[in-house]
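Below, chain A partners chain B and then partners chain C, in two separate complexes.
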Partner chain A sequence: MIRLFVRQMLMLLTSLMILTFITFGITRFFPQESLNHISSTSSQSNLLNEYIFYLEQIFNGNWGISQAHGTEVLDEFLTFFPATIELSVAALLFALIVGVPLGIFAAQNKNTWQDKFIVSTTLVGYSMPIFWWGMLLVLLFSLSWGLTPVASRLGFEYDILPVTGFMLIDTLLSDQPYAFEAFYDALHHLILPAIVLGTVPLAIFTRITRSSMIRVLRSDYIRTAKAKGLSQMRIIWVHALRNAMLPILTIVGLQISVLITGTLITETIFSWPGVGKWLLEAVHRRDYVTLHAGLLAIASIVVIINMLVEVLSFYANPKLRHKR
Partner chain B sequence: MIYFTVLLASGCQYQKKTDVKENVLVYCSEGSPQTFNPQLSTSGTTFDASSRTLYNRLVEFRQGTTYIEPGLAESWQISSDGREYTFNLRKGVKLHQTEYFVPSRDFNADDVIFSFERQRDKTHPFHKVSNLSYNYFESMELTSLIQKIEKISEYQVKFYLSRAESPFLATLAMDFASILSEEYAAELLSEGAPEQLDLKPVGTGPFKLVRYQPDAYIRYRAHSDYWRGKEKLENLVFAITPDPSLRFARLVAGECDVMANPLPVHISSAHNFKYAKVLSSAGLNVSYLAMNMLKTPFNSLKVRLALNHAIDKKAIIKAVYKQTATTAKNPIPPNMWSYDDSIDDYPYAPDIARKLLEEAGFEDGFDMTIWTMSAQRAYNPNAKKMAELIQEDLKAIGVRVKIESYEYGTFLNKVRQGQHHSALMGWIGDNGDPDNFFTPLLSCGGTITGTNASNWCEPDFSRLIHLARSQTKLRKRVNHYREAQELFKYYSPWVPIAHATQHAIINPRVKNFHIIPAGGVHFSGVYLDKEFYRD
Partner chain C sequence: MALLRVENLSVTYHSNSGPLPVIERLSIKMDGGEILGIVGESGSGKSMLALAIMGLLSPKMTMRADYVNLDGEDLMKMDPAERSVYVASKAAIIFQESQSSLNPCFTIGSQLDETLALHQGGSRKYRKTRALELLDSVGILDPELLLKLYPHQVSGGMSQRAAIAIALACKPKLLIADEPTTALDVTIQAQILELLVNLSQAEEAGLMLITHDFALLSENTDRIGVIYSGLLMEHAATQNILKAPKHPYTKALLDSIPQLGDRHKKGSRLFALEGHIPPMSELPVGCRLGPRCPKAEKYCVKEQELITIENHGKVRCHLAQQPEKNDHKTLSGAQK
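Up next, the complex of A and B:
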């Protein structure tokens, strides 16, 4: 266990090192006037010293000043990041809550028309361009039927002080008389973006659950359980699911980077004030300082989360856990 | 699954409690402001978010017009030589009290001096703060025009000018001349954070800043001690939405009450929606065909008149502007003061045009070139198409037209150098003063700087413009400008074509909203119909 942890930590550090090499290289060898203050203001001309100085700046939270707004990039990142987490978590939850039962259902009814329907639908969901999908949902749900809001995280009539940056929490913390109404409104704003962002992971989760479940249901101990006369429900939910879920956990880790790329598009469609939209705006404005810091931050986060998931799946898998 | 179905089902009751919405106006704006200090910007987006909501000026434009009225200055005297302006400042004007600043005194002369000296004096401690330039101040040549600003008393300030210049008052009503708080600036300077002045604004205007999240929203609240009286509108939010289609979608869904910069397709489809109402107003602009009078045959008056008769402006309005413009007959737009509506336009009459050409000695017509720019401008959505329509019109009287299109920057440079034969030009006024059109576009001076694209230099006309410029009595200025318009019509150095209309789409519950002639929005005096969502 400790060995694994050490190995993962080393891998993490190496990945982050390589990442900073790249970003440092970009600022150092394609010099941008505005980035100089974090790459080479030190008097030492030695490349290694410059790199160390650069790392110091990054760790001290000196990510530079945004060219567009004149504010600290780190502050901006921290303002936008919770919105992205909120959206990603909601999308992930949606994908898991809908995808896993759907996969189980398909596995149970293998080769029936329901199963074939689910499999082909997930293929469509998997290959759907989410930009188009998002627009379509907005057109139907928001504009034609008026069921959901068109964009952003909260109706602008609610004045909610950002404390944590998570709208669902902030609305409940607020002492405004309409706090609960605002919470409900924030939830409402979350539905459509979460569905759009969660569509691709949903398709993947369904398919993985299905195949994994089919494999588990074929195994001997399930057959034994059946022979013992356990109910179908009990077999699936108590005995089969735990083993079938292991591959899902690994896939969840891999989906993080899919989600992050997805937020770029989803946040733009829904004018969702998160990191993805923030970076896209920075591209439009040629705000190199913001871009540089934002990319470094996002890449680091993806690497770290992937590592966490790996440790977690190791911990959850008894086969690996007890291996000496 | 259950969680989401419940939410979706409850979506049917999405119509919210109305009382919260009744006090908030949401404006879907087109972008984030560069700064909250209008002195540092030339962008309308920044002005909408700063000068028009947060600040006041010494004198201001009456809402929706270009007339000057008292602002922070209650009254003013202008010396007989027109070079000294004394402003008597309003007393008891309260500055914004915010989370980051509590003013200890009312607005006074120090604030005025600070606001102008920051832009004028290169050694001023705030001059280099924020690392942006004072483009407007400099392009209006105020650095050389203002010789000295003197504080006579707490509530009296005197401007000494290097020359008489009657548009000076209109200049002071422009956005960059907004008055900031000197006390707040001094406090920030002593705290070592002067750049906060441009990020966390304090002004005297109708609204104060509550919160700003870049690329997401700006939240304002009514300034309770506003000197014109507290606004009826309690809360104002700018929802920053760069995508025009999304802005329109939000307006249609009732999430926004006013949208910025609608596209022509939005204007034509707005009537299909319950929450969309189109407002139109003539813009402060003109689009015209400039005939270079230094080249033949445009040196002939009859030829120029013939072209004026030969071009069907109504067809252009229909095809190029999709009816979002009015035909032009004078060089200034109808909503500009001194506009002479009694002047008759040359009617569209190819017969008269052909006769005029014969009289000028061009029985067989002639060859001409029209230059156009490829970029779309507020005054001309499609210059190439306009040129093609003119080409057809002129073919009917025997004039053979060749069209050449250039990129915007190249086009302007080449026209400035006088290389064109004729060109489709346009102009947008920025301070509501007629001089802002006449001097650059039509005076002899304009032929030297290159802004006078027809190279028309009529001494009588230039003299009138000069007289009007150095004159401070409004009535006399109006007379001079009217006379100038008659001369313009007689000599016809241009074919004036159109004044493009400005549009805004608003929710019908928004009342008393006016379009600013020079572009942009402001919400002073606007209020919401509280009954609107109740039925």
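Up next, the complex of A and C:
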């Protein structure tokens, strides 16, 4: 167990190291004025010294001053980041809550028309260009039917003090009389972007759950569970899903990076004030300081989350956990 | 009253190219406390018989029967949900691969407790006591420890014992053991077999012992059913079969038991009959055994029925009715 921990830590450190090599390398191509905060001013400037100085600055939170806004980049990041997390988590939950049961249903009804329908739909969902898909949903749900708001995280009529940065939490923490209304409004705003962002993961989770479940349902221990007289519910949701979940977990880890990159597009479509939109604007304004910090932060977060998922899937699998 | 009465059980496999017979019109009967051996080559349909009785056939298989009467209730009259609950309360099954028949994601303790909770109920503490008793009764030295282990952490013999304990947790009146020892090494085989026999005697439960190894059955069973290609070929008391097997297939199976010292003479003979069990899609006309039977003759092109032999049992071969040897003139007895 300690060995695993050490190994994962080493892997994490190596990944982050490589990542900073790359970002450090990229900054060499940036215009000089955007690099003042991370450039060593010492007289003997060899590459190694500069790299170490660069790391120090990053770790100390000296991410520079945004060229476009003139504010601390770290502060900006911290205000936008919760919105992205909120959206990504909502999309992930949507994809899991719909995808896993759908995959289970398809597996249970393998080769029926329902199964074939689900499989072919997921194929479409998988190859869906999300920009186009997002626009289409906005057109239908927001503009034609008026079911959901078009953009942003909250209606203008509500004034919510940011505490955690997560709108669903902040609205509930608020002592305004309309706190609950605002909560529902925030939820309302979240639904469509989450669906758009969650569509590709949904398709993938459905397919993985289906194939994983089909394999598990054929196994001997499921036959034993049936022989015990357990209810169908218990067989599927406890005995089968617990095993089927292991490969699903790995895929969830991989999908998290897909989700984060997906926020770039989704946040732009829905004017969602998150990191994705922030970075895309930085591109337009040639705000190198922001771009550099944002990319580094996002990439590190993806690496860290992947490691966490890996540890989690290790713990979820007794066969790995109790080796030897 | 009989514990298990199966009448004209047929199992059909619905392949892509049409229905194929896996088991045809098979009838057996077992009393409480009785040990019935089911023997036949690989692929003869033994496992399918067990799964059919337990209601565990895969969706591509269907079963029909006049009745399958288990402890006084006809399973064929129940709907699937009702049936699975009823069967699970009366019967339990042990499979060949004990390791893979236990769920790798749960401890042996929780899998045992689950069955106890379902069938016996009681408080957590009571169930824990029962679990320890059960593991103790199947000869596990450190039950406390085993409760906490996952299936992959224990040996094959140990997991088979655990599987037996789980099967016993519903206090079954019928215990079906489908090749329970085939995956184990020889010394452990004998132990497990003895355990099964003793437990079934102690609990007065019927034991259906399925195997392709006649040697396992000769000492332990009361009666034996011989299956070939989905058909019951001979069904009689063990001593009758051992003393005077009537069916050529039974004789061949008995001949293939290695005798002491046999190995030196002829090398280890595996099976006395040439050829293989026919695939379900290419069943021979007439007697199923026809192409492989050393005694086959002209008459065997007719489909054989099970005939009752006085002081013996049932045999599916017209030769069985003849007093001695093959007498070509007295064939009338084999008529239906």
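Everything that follows uses one rule, which is that the second predicted complex is superposed on the first by the 314 of 324 C-alpha atoms of A that agree within 3 Å, B and C clash if a C-alpha of one lies under 4 Å from a C-alpha of the other, contacts with A are read in each partner's own complex, and residues count from 1 in each chain.
The rule is simple: a residue touches a chain if its C-beta (ideal position, glycine included) is under 8 Å from a C-beta of that chain, and two chains touch if they have at least 3 such contacts.
Given the structure is predicted, the values throughout are model-derived calculations rather than measurements.
Room for both chain B and chain C is found when the two structures are superposed via chain A, with no clash between them. In the superposed pair of complexes, A:I97 makes contact with chain B only, with no contact to chain C. Of the two partner chains, chain C is the only one that A:P318 touches; chain B does not reach it. Contacts of A:L230 after superposition on the shared chain: chain C is touched, whereas chain B is not. Residue contacts after overlaying the shared chain place A:R215 against neither chain B nor chain C. When the shared chain is aligned, chain C comes close enough to touch A:R242, but chain B does not. Of the two partner chains placed by the overlay, only chain B lies in contact with A:G155; chain C stays clear of it. Shared-chain residue A:R28: touches no atom of chain B or chain C. Between chain B and chain C, B touches the greater number of residues of chain A.
Chain B and chain C never share a C-alpha pair closer than 27 Å once the two structures are laid over each other.
Partner chain C is touched in their complex by these residues of chain A: 219-221, 223-230, 232, 239, 242-243, 317-319, 322. Considering their complex, residues 66, 68-71, 76, 79, 94, 97-98, 101, 138, 141-143, 146-152, 155-159, 161-162, 178, 181, 185, 187-188, 191, 195, 268, 271, 273, 277-278, 281 of chain A touch chain B.
Within the complex formed with chain A, the chain B residues making contact are 1, 3-4, 7-8, 11-12, 14, 16-17, 20-21, 23-24, 26, 32, 34-35, 130, 195, 198-199, 210-211, 213-217, 219, 235, 237, 239, 241-243, 246, 249-250, 252-253, 255.
Residues of chain C touching chain A in their complex: 51, 54, 56, 81, 84-85, 87-89, 92-93, 95, 97, 100-106, 114-115, 118-119, 150, 152-153, 163, 166, 170.
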